[in-house]
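Two complexes come next, and they have one chain in common, subunit A, joined by subunit B in the first and subunit C in the second.
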Partner chain A sequence: MLLFLCKRFVGLIALLIVLSTLVFFFTRSLPGDAAALYIGGNAKPEQIERARIELGLDKPLVVQYKRYMGRLIHADMGISLRTHRPVFKDLMEKIPMSFELVLWALFIAAFFGVSFGVIAAYFQGSMIDETIKWFTSAAVSIPIFFLALLLQLFFFNYLGWFPLQGRIDSFLEFSNPIQNITGFSMVDTLIAGNFKAFFNVSWHMVLPVTALFVGPMGIIARLTRSSLLDVMDQDYILAARASGISEGVLFFYYGLRNALSPVLTVIGLSVALILLATFYVEMIFNWPGIGYYSLAAIMSLDYTALMGVTLMIGTVYVIANTIMDILRRIVDPRIK
Partner chain B sequence: MKENPMAMQTDSYDIMAQKVIQEHRKVKWFQLRRLLKRKAAFLSLIILVLALVAVLFAPWIAPYPEQGQGAVNLEHRLQAPSPSYFLGTDVYGRDMLSRVIWGGRISLFGGVCIVFFAALIGVPLGLWAGYNEGISGAVISRVVELFLSFPSTLIAMAISILIGAGWFTAIIALIIPWWPWYTRLVQGEVLSIKQTLYVEAAQMLGYGKLYIIFRHLLPNIMTPVLVMILLDLGPAIIAIGLLSFIGLGTQPPMADWGLMVWEGAPNILSEWWISIVPGCAMFMVVIAFNIFGDALKDIFDSKG
Partner chain C sequence: MNNITLNKNLKPASEVEPVLKVRDLNVAFNIPRGQAKILEGVNFDLFPKEILALVGETGSGKSVTARSLLNLIPGRSGETKGQVLFAENDLLLMSDKELQRIRGNRISMVFQNPQSSINPVFTLGEQIFRLIRLYLSAAVEDLKQKTHCSQKQAIETIAKEKLNEVGLTDIKRTLKLYANEISGGMAQRYRIAMALISSPEILIADEATSALDVTVQAHILKLMKDLCKNKQTAILFITHDLGIAAQICDRVAVMYAGRIVEIAETKKIFANPLHPYTKGLLKAVPKLGKNEPLSFVPGIIPDLVNPPVGCRFHRRCDHIMNICRKQKPESLKFEDNHNVSCFLYKQNHKENRHE
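After this line comes the complex of A and B, so read on.
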């Protein structure tokens, strides 16, 4: 296990180095002059030249690359061309807001996905199975932006149950402001005992989280069902059944445990899926997180911010997969 | 005349072979009939055929073909669905029905293109990498792993920023992270087929690598590849929509379904049909592809 962890750790570092190198050369080959973008429109040539020296863009590519990697070790990703603030600081500010949505969505998707998958497999071929099949097919087929708009239209416009967008009602923002402690608005309001804001913030999160969890939930449910049915066909289940173990124990202990390993992999993959989905959900629900920031960076070709965002998503993806690999080895000791 | 016994022999072999082939065909037809007996699969097929017909014959089916291609019609802006504008009109007064049909051309064509070229690149590489354990196979495996260790949509977004926005570049940007999935699938299949007796026999007989790959390996991996192609069409259509929605794909006045949803998003609370109509079209086609693909997979998996 220790050897495996070491190996994974080395692999992780190697992958991150490859990723940051790729990102560096990718952003340097983007169209457009970064110095001109940094200064803004109507700049004199000498101003652009000064900005170029300030950003270090006048040096050869190799020198730039060395400097970039050296800074990256100190968590310095450069200055955003759009907000003119350090990218790392921007990211650190936005990440908690998005991760609040992402973690909720991941948790709900994993919990309900696995539950629905197990129920469908247990009642294989019945009406319940058919209903879940239709439901999950719809869940994986609906485009995320369409789902988000539908939710707004239905639950805000027609029913009026949930707020349209934003993190908190604007009048509460003045009377009961959120103190910035951890950056997670639900945790912050709870710690500060600001219950009015807590309920308001939770209320605002319902629709975005729903838009985020539906797709991954469908994927996880479908995979859980098929994986479980595969396992229940195995000879060792037949042998266990022949030795008189009750059907329930057989299904939930012997079956589920063996079926979980591919499911864990997909749960790891859905972290990235949900993170990318925040681009759309945060734009539609006007949520000031990492997705909103990334989208603004894409639209304005803010290459330092793009670099930071790509690195961050890549890192999260790789780390999530590593965690899931470790969990898989705990759940399923056959994996070597 | 004296009969040639050898000729008779081959004759009877021929008849036997014919019978086997007929039997085989019967099974295939039987499988197809079973597919159509499933209500959901049948319904999906109808939706797909309808969409295909509408898209192929767009100039004759769309009520206002020139508006479908982007011509503005400002005196009829933002009209609710009515007999003359069956699905309403958008911000520029264009008939939504015509727009959705023309948008479907880009979405469907793009989806088919992505999956087709991804398979075209990925399958041969997978065959080669699975059959050869030398350096070339290892290189292909590493490249595939590198691609699969980052989210595909993110790679596609990055590439389409790099090479510029547009429907054609969006398709290319999506093919690049898409093919490794086929390579991995095929490579896995080949690794198990390689152990079988008939491949070993072919190796013993001294057939060349390429002959074995195309004669023995390719036919045996076609079923999983075809199922994957069918199941990938839906996600491919969504993927183009995702790029177009954030301005990296199709550019106005052309529009695919994703861009049309984006165009309607600011007016969603009042003129809901501008977003909902293309969104529904996308949803229905994608779910039809998924259900049809699932049914096909079930039937191929259960083997008779």
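After this line comes the complex of A and C, so read on.
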């Protein structure tokens, strides 16, 4: 296990090096003058020149690359062209906000996806199965941004049950402000005993989390169903049934554990899916997380911030898949 | 191992009550082309302590017979009709709950591919412990009282004992292994131990030795035979290998295209095969040392969606008569313990031959 983790860690480092190199050269080949963007509009040419020297943009590309990689080791990703703050600091502030959405969406997608898949497989061919099949196909095929807009239309506009956007109601932001402890607003408000803000924040999270979890949940449910049905046709299930094991134990204990391995892989992959979806979900719901930050960075050609975000997503992705691989090893001892 | 051994105490049907009676068993599978009539009117008795072989070529319905005895054919894929009488009850009419009390407890089954019939994600120990808790709770309690050990230790002791019986060694280590870490022979020994945990009245061995190499096969056969003798278990031994049937079985039933065409004591069927299909099968067994071309039964098993009318063998038969195309042959008693379903042996049809 330790060896496996070491291998994964080395793999992660290698991936980050390749990724940062690619991102570095790709963003530099984009049109637009970074120094001009940094200094802002209506700047005089000599001011732009000064900014260029300040940012080191006057040096050859290879020198810039060396300097960038050298700084990266110290978690220094440079200065954001848009916010004029260190990118790393920006990311550390934004990541928890997004992860709050991502983790909830992932957890709900995994829990309900597996549950619906198991129920559909158990009642194979029945009305329940058909309903779940229809529902999950719809969930998989609806574009996330469209779903997000529909949610706003129904639950804010028509029903008024949930807020349109934002993280917390503005009046609460002043009366019961969120203290920044972990960066996760729900955790922070709970620790601080700030229940009013806690419920308000949770209430604000419902719609964006829903927009994020529906698609992955559909994929996980469909895969769980087919994987489980496949397992239930195997010889060892027949043999166990012939030895008098009850159907319940067969299905939920013997069968499910066998079926779970591919499902865990897909749950790992949905991390990437959800992370990508946060880009527009955060935009639509005006959620101040990493997605919103990246989109703004893209709009203003803020390449230092983009490089930071890319590296961060790569890291998260590798970590998520490592966790899933560890779980798969626990579930299925054949994976070695 | 090579001599034909017969259970001398075996009494004919009239004197001993069979432990399992199969009456007019019909199984049809729904496939896209229509309904495949896999089994049609299968009848046989299994007597206590005997070993009955069910032989036939691939697709003759041996395994389906075995599975339908425990009602293991899922309702959505097929239809099972007829009666399987066990201890005065029809197994085909039982609910899942009632069947669970029979399956693995009073009628056990061993399958063809031992490794794939062991759950790959649980250790061998976890799987046998579950069955011991299920069937031997009394013995576990007993052992706990006697030796003052924990529940877990008691179960492990019994598991060791059961696995020792089937000739597995180094059991402490074996219990921690997974299905992919043991050989086919070990796996089948383990499956047999699992099947015999509750000392069942019947063991159904569905091609239990076909996937094993010959030396392992011989060990497993001897093991099954000895264990069942000790535990007074009757065996329904399904095989395509006539040599095995000759070695260990008391009686042989020959199946063809979903029907039993001939059933007799092993000695009689090998000395005096009656049905043209049985004759062909016996001729097709290769003989060592004789340099003659391999004999076979010409033709293939008929399409079971549209099976031949009358005798299902008539298209491949050398002795075809008019009646074979029209009427289903009934089982005729040729002599004691020897029945055959063929019009050749029905006196009044003799003159019909080769018309």
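Observations on the structure shown:
Throughout what follows, the second predicted complex is superposed on the first by the 336 of 336 C-alpha atoms of A that agree within 3 Å, B and C clash if a C-alpha of one lies under 4 Å from a C-alpha of the other, contacts with A are read in each partner's own complex, and residues count from 1 in each chain.
Please note the rule applied: contacts are C-beta pairs under 8 Å (C-beta built on N, C-alpha and C of every residue); 3 or more make two chains touch, one makes a residue touch a chain.
All of these numbers come straight from a predicted model, not from anything done at the bench.
Room for both subunit B and subunit C is found when the two structures are superposed via subunit A, with no clash between them. Residue contacts after overlaying the shared chain place A:F146 against subunit B, while subunit C stays out of touching range. Annotation for subunit A, partner touching more residues between subunit B and subunit C: B. Contacts of A:Y38 after superposition on the shared chain: neither subunit B nor subunit C is touched.
Applying the stated contact rule after C-alpha superposition, one finds that A:R334 touches subunit C and leaves subunit B untouched. When the two structures are aligned on the shared chain, A:T310 is found in touch with subunit B, with no touch to subunit C. By the touch criterion defined above, A:E247 lies against subunit C but remains apart from subunit B after alignment on the C-alpha atoms of chain A.
In the overlay built on the shared chain, the residue A:F24 is in contact with neither subunit B nor subunit C.
Of the two partner chains, subunit B is the only one touched by A:N157; subunit C is not.
Touch criterion not met for A:F184: it reaches neither subunit B nor subunit C. Superposition on the common chain A brings subunit B within a closest Cα-Cα distance of 6 Å of subunit C. Subunit A has no residue lying at the interface with subunit B in one structure and with subunit C in the other.
On the side of subunit A, the complex with subunit C involves touching residues 124-125, 234-247, 249, 254, 257-258, 331-334.
Residues 15, 18-19, 26, 29-31, 134, 137-138, 140-146, 149-150, 152-153, 156-157, 164, 272-273, 275-276, 279-280, 283-284, 295, 298-299, 301, 306, 310, 313-314, 317-318, 321 of subunit A are the ones that touch subunit B when the two sit in their complex. Chain contact summary for the complex, subunit C toward subunit A: residues 67, 70, 72, 76, 96, 100-105, 108-109, 111, 113, 116-123, 127, 130-131, 134-135, 178-180, 191, 194-195. Residues 40, 146, 149-151, 153-154, 157-158, 161-162, 164, 234, 238, 241-242, 245-248, 258, 261-262, 265, 268-269, 272, 275-276, 279, 282-283, 286-287, 290-291, 294 of subunit B are the ones that touch subunit A when the two sit in their complex.
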